[in-house]
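Below is one structure, written out as structure tokens; comments come after it.
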Amino acid sequence: MRYTIFGESHGPAIGVVLEDVPPGLRLDLEAVERELRRRAPGQNQLSTPRREADAVKILSGLFEGRTCGTPLCAVIENTDTRSGDYQNDLPRPGHADYTGHVRYEGCNDYRGGGHFSGRLTAPLVFAGAVAKQELARQGVFVGAHIRAVAGVEDTPFDGIHETRELFEMLAAKPFPTVSDEAGARMRRAIFAAKEDCDSVGGVIECCAVGLPAGLGSPDFGQNVEGIVSQHLFAVPAVKAVAFGAGFGFAGMRGSAANDPFCLRDGKIATETNHTGGVNGGITNGMPLWFSVAVRPTPSISRLQRTVSLSRLEPAELVVRGRHDPCIVHRAVPVIEAACALALCRLMRR
Amino acid sequence: MRYTIFGESHGPAIGVVLEDVPPGLRLDLEAVERELRRRAPGQNQLSTPRREADAVKILSGLFEGRTCGTPLCAVIENTDTRSGDYQNDLPRPGHADYTGHVRYEGCNDYRGGGHFSGRLTAPLVFAGAVAKQELARQGVFVGAHIRAVAGVEDTPFDGIHETRELFEMLAAKPFPTVSDEAGARMRRAIFAAKEDCDSVGGVIECCAVGLPAGLGSPDFGQNVEGIVSQHLFAVPAVKAVAFGAGFGFAGMRGSAANDPFCLRDGKIATETNHTGGVNGGITNGMPLWFSVAVRPTPSISRLQRTVSLSRLEPAELVVRGRHDPCIVHRAVPVIEAACALALCRLMRR
Amino acid sequence: MRYTIFGESHGPAIGVVLEDVPPGLRLDLEAVERELRRRAPGQNQLSTPRREADAVKILSGLFEGRTCGTPLCAVIENTDTRSGDYQNDLPRPGHADYTGHVRYEGCNDYRGGGHFSGRLTAPLVFAGAVAKQELARQGVFVGAHIRAVAGVEDTPFDGIHETRELFEMLAAKPFPTVSDEAGARMRRAIFAAKEDCDSVGGVIECCAVGLPAGLGSPDFGQNVEGIVSQHLFAVPAVKAVAFGAGFGFAGMRGSAANDPFCLRDGKIATETNHTGGVNGGITNGMPLWFSVAVRPTPSISRLQRTVSLSRLEPAELVVRGRHDPCIVHRAVPVIEAACALALCRLMRR
Amino acid sequence: MRYTIFGESHGPAIGVVLEDVPPGLRLDLEAVERELRRRAPGQNQLSTPRREADAVKILSGLFEGRTCGTPLCAVIENTDTRSGDYQNDLPRPGHADYTGHVRYEGCNDYRGGGHFSGRLTAPLVFAGAVAKQELARQGVFVGAHIRAVAGVEDTPFDGIHETRELFEMLAAKPFPTVSDEAGARMRRAIFAAKEDCDSVGGVIECCAVGLPAGLGSPDFGQNVEGIVSQHLFAVPAVKAVAFGAGFGFAGMRGSAANDPFCLRDGKIATETNHTGGVNGGITNGMPLWFSVAVRPTPSISRLQRTVSLSRLEPAELVVRGRHDPCIVHRAVPVIEAACALALCRLMRR
């Protein structure tokens, strides 16, 4: 399952084309809708008051409610846009204004971030929702939670005990943490940042259960970590990816890091899962388990230093408009979507 | 520049084919040799006493000392191998014995780890040495150091002040740390682990200077973080990749995380480099800067729990043979190689 | 420039996503429209009376009249469709009804040929029109004519004397032949077939001038003939591709087939162009020159033998609906489009 | 199954890396050898007296006689080379000397054609031999014959009645024609050309039986004709590819061209096979059937006109050395190899 996302924040529409969709998948459009709502802004006071009407129109690849196997194109029209809010000469720190300007030789649609806008994650969530339904046909389920925000930590996953039920419970929460108390403290930290005209970052932890052993290969372009991370780094704001114990391995000894093999329900398993379900680039049948770091929203309404591109001199800038003090909770279904798309790709090989 | 690595640890030879090599690159074979020596084992007591004669034979793509532009194949024959040391029924914890068995339907060459062996990083270093020479033609230089081992930390990079000279200084050290005192403490920690028949993991920090702004794109498969991380995760033992502030972003606010734009030597730059030189998947002209986590060597000579694949019952195992208590220092040139190959790919687009 | 075509003949819309579009191309939408009209049906009595309103809507990748460099999605809504005309049990000979049924496990949208419909060549022509404008920026022009229909032959190209002006002259004709007299005879042959409730096939000859020497490579996936033919065989009804003298080489001797090198306007050229502008998979600076065979339209209103898929027994079938007795003239801009897309890809490397 | 061929005619070695080889294939090395001998020169007076010792050394991917599933690298050392025969300033007409010079910026190894040499088809035949053995495991068999040489025609295939036994009978002949009488006339035509210091071209017809219906897709990069032709055009000297009736379609009417569906042995089949076994880019279960045009060997010992690259002035040239007056018969196993590799790729999807 290959996906191609197109669109600019203030252009006519955004969307996605999915190729190599298996034929005969009966799409549950309500489930798709639910995933999109998890990502949508304006659901609580933590998010921007923009109303993005993420009404998806499927243009192709669906016939009598089932996927045809041919490319599936889905489109979301852009409606509530205020192009007046944007200028082009003072690149916003932390944004892609400057790099987009260089990369696209000054021709990029800069309004609202254009093709770099976080809004482009809506078609990604759509694609991920299709991928999740295909995975479910094969007994594979993906879930995630907010592992940390602004230094506040949630109860972590362990790569052993996660279940489909836990994932459904988390997906039903507007602010998906395992511990509601940790969630409440995170929200307080977000409000505090908002009051300071600032924003916060965080960590999302994601897991997939039900995967068979033997997916992937050690080779370049085919190993699990490489394929999954390539999907994750295509999500804006993701700056780090760690499988299993991740950077924690640096302080561990081999005797603690190695996951002993054991038999569980008559099948080969491991006692611990520090490796995150992958050995030598290949799934080992344990849950796939990883974390991603999400940088703080770069759009903050404080005065920031920048440079005028036209005059090549120092300048100051206050980013106006409606912005989220935190996008971590909205990014949870996006990370799940990226993971689901990666797993579909791995399972098709 | 695309690479394909082939070979098994105890087969006739290992090697690599490089495609899309730019024509006319005069290969400095001594510099290639130097890189291979940095990775080679047996240089100090920290490494296994195996003598891997990494003599590279270039079979194609080179004519009168210069690259032809056609595929370049380099081969390293396997000589010092003791196949008697290996069995196939008890998968070693932390290794790819079990996943390789499943993935390759029991047909994998398991001797010495076969295609999963760390020895396969030798052709990767060869390929990276070619890539580095091509990058140098374009004013781009890559360097790395041991950021941490066994909890002991080296002086970190900052993504601003790194230079070619620093990289050369580090590359000349057998145990490449910025601080020699930190290096000495790391070595002591490694010896301590060795005495305990155990091993340690670590973190490698890598940086590339001289990159132009505008490489990459936000799209899947084309963004800088995705391409670089895909190369890094193809290195065995790498379990996490973090760009710039990485997981540190989780505790930062946007006002601290955003890198203000400024003018430096008349060119657009950023004051800080928390983003690691990449905005929106595109290089911004600042140094590319990232860290990778390296898991502890899984081969330890302690008794470990495993499972017999043939009898499907619990078993115990002591891994015999010559093993490194730490591979982090030897992995430094491997990480540089993976980075250089990724950058060549980005620059060819 | 990579393209992905989506859509089914009787679904909501068909379209295309173009990736790797160079930024800053000022799209001449009237020229795009002209190309689409060349392909459109119902222009003369040779074509089906269907009215396909090929109004293209560009959803992304265009800003202030210029390409952004980001993916460009264009959509054509389906309007005039009569789904009642189609059944699913008796595969039409010469069509993809049966293979589509097998490939997509019975889930394909069979109405009007679905994803296999010739209508899907409209977005291809759109994509080719963009590619042509990019090629024109670089001094490369593509043209084609009907080389043969129903055994009637037009004056051939020679791969030497073709010019941009000739291509424009041909493109302005509704039935593009070099010789109007040959064109008239072809049309008579088409009408004769129509009267017999039958259809005819033909040959299209295509040429590109202005290409630099040195594009392509001998290697798999990178040679000119391979890349161009892969684009051509993605056009429905194309069954053969021949470069330069093509199958004529079989009756030639080397002394006649070899193109002697010469100097023309101070530049290296060849006296003849039997090789079609490609040596060893690489352009030699002469016009790229090739022919494609177009099979007769399979939709004919005669009684045909087939098999019932549900009952697995012989059956008879008369294909109803509006069908072209000849699609060769309408396929001319499609072949140019496929060629232009292939050349853009070659020139970007 | 992806392949990458490397090597130069007069470099240390040539070879191939095969990726995505299915594990567990017990390689019949004698059968591999037989294929290589079919391609080898010097078997009869029709070929150059060069002795190419095509001894293949398998470096990786094979363990205990079976493929491992990991990349398989095979190498053939270059031995009998006379580099003195070659110069670099006067490009040989019909060869890639000039285009290679431009493409590789003057750095190509021009000795003996370098990377463009027909000798590079030896590793291709090796790869094809592996592919054939994998196909045979799945009941698919590939065969070919010399359809025409120098205007003399062999009894054609019909895409219906070909069998594995016919293919084996043809493969056992040093000059593979269906009709021995036609073969004898072809050989006389080749000797006549040789006496005139000239060469001849021809047509090879190839067929694959046992393919299931449903391989491929109509989309770019995935359709059967596109994938097969991309493999065929990677063979030097191939200038045209025609499926089924090919250019013959141009003179046919739809009523004759359409292949009526029928039942054969209880399975859906077609009465005729003009389409060559492919509808809409997807196999229909009938034999895959196509022809390729092979241009006359460009190396002829007559005086030819060319240009001096250094002085940019007209020049004359006599190509010295040992050359084949005809390579069509030696190209037969190469075309089969390319076809087999393409089919393995199609079947793995």
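The first chain written gets the first letter, and so on, giving A, B, C and D; residue counts start at 1 in each chain.
Definition applied: a contact is a pair of C-beta atoms (placed from the backbone, for glycine too) under 8 Å apart; a residue touches a chain by one contact, two chains touch by 3 or more.
All figures in this text were calculated on a predicted structure; none of them were measured in a lab.
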item	value
Pair joined by more contacting C-beta pairs (B-C or A-C)	A-C
Per Cα centroids, the chain farthest from chain C	B
Computed distance of Cα centres, chain C from chain A, in Å	40
Centre-of-Cα separation between chain B and chain A, whole angstrom	27
Centre-of-Cα separation between chain C and chain B, whole angstrom	47
Residue list for chain B, restricted to those that touch at least two other chains	4-5, 19, 70-71, 103, 115, 219
Contact set on chain C toward chain D in their complex	3-5, 91, 93-96, 98-100, 102-103, 115-116, 120, 148-151, 193, 196, 198-203, 213-221, 223, 225-227, 229-231, 233-234, 236, 238-255, 257-263, 266, 268, 270-271, 274-276, 278-285, 291, 293-300, 302, 304-307, 309, 312-314
Parts of chain A lying in touch with chain C, wherever the complex brings them together	4-8, 11-15, 17, 19, 23-24, 57-63, 66-73, 75, 103-109, 114-115
Chain D-touching residues of chain A, taken from the complex the two chains share	19, 70-71, 219
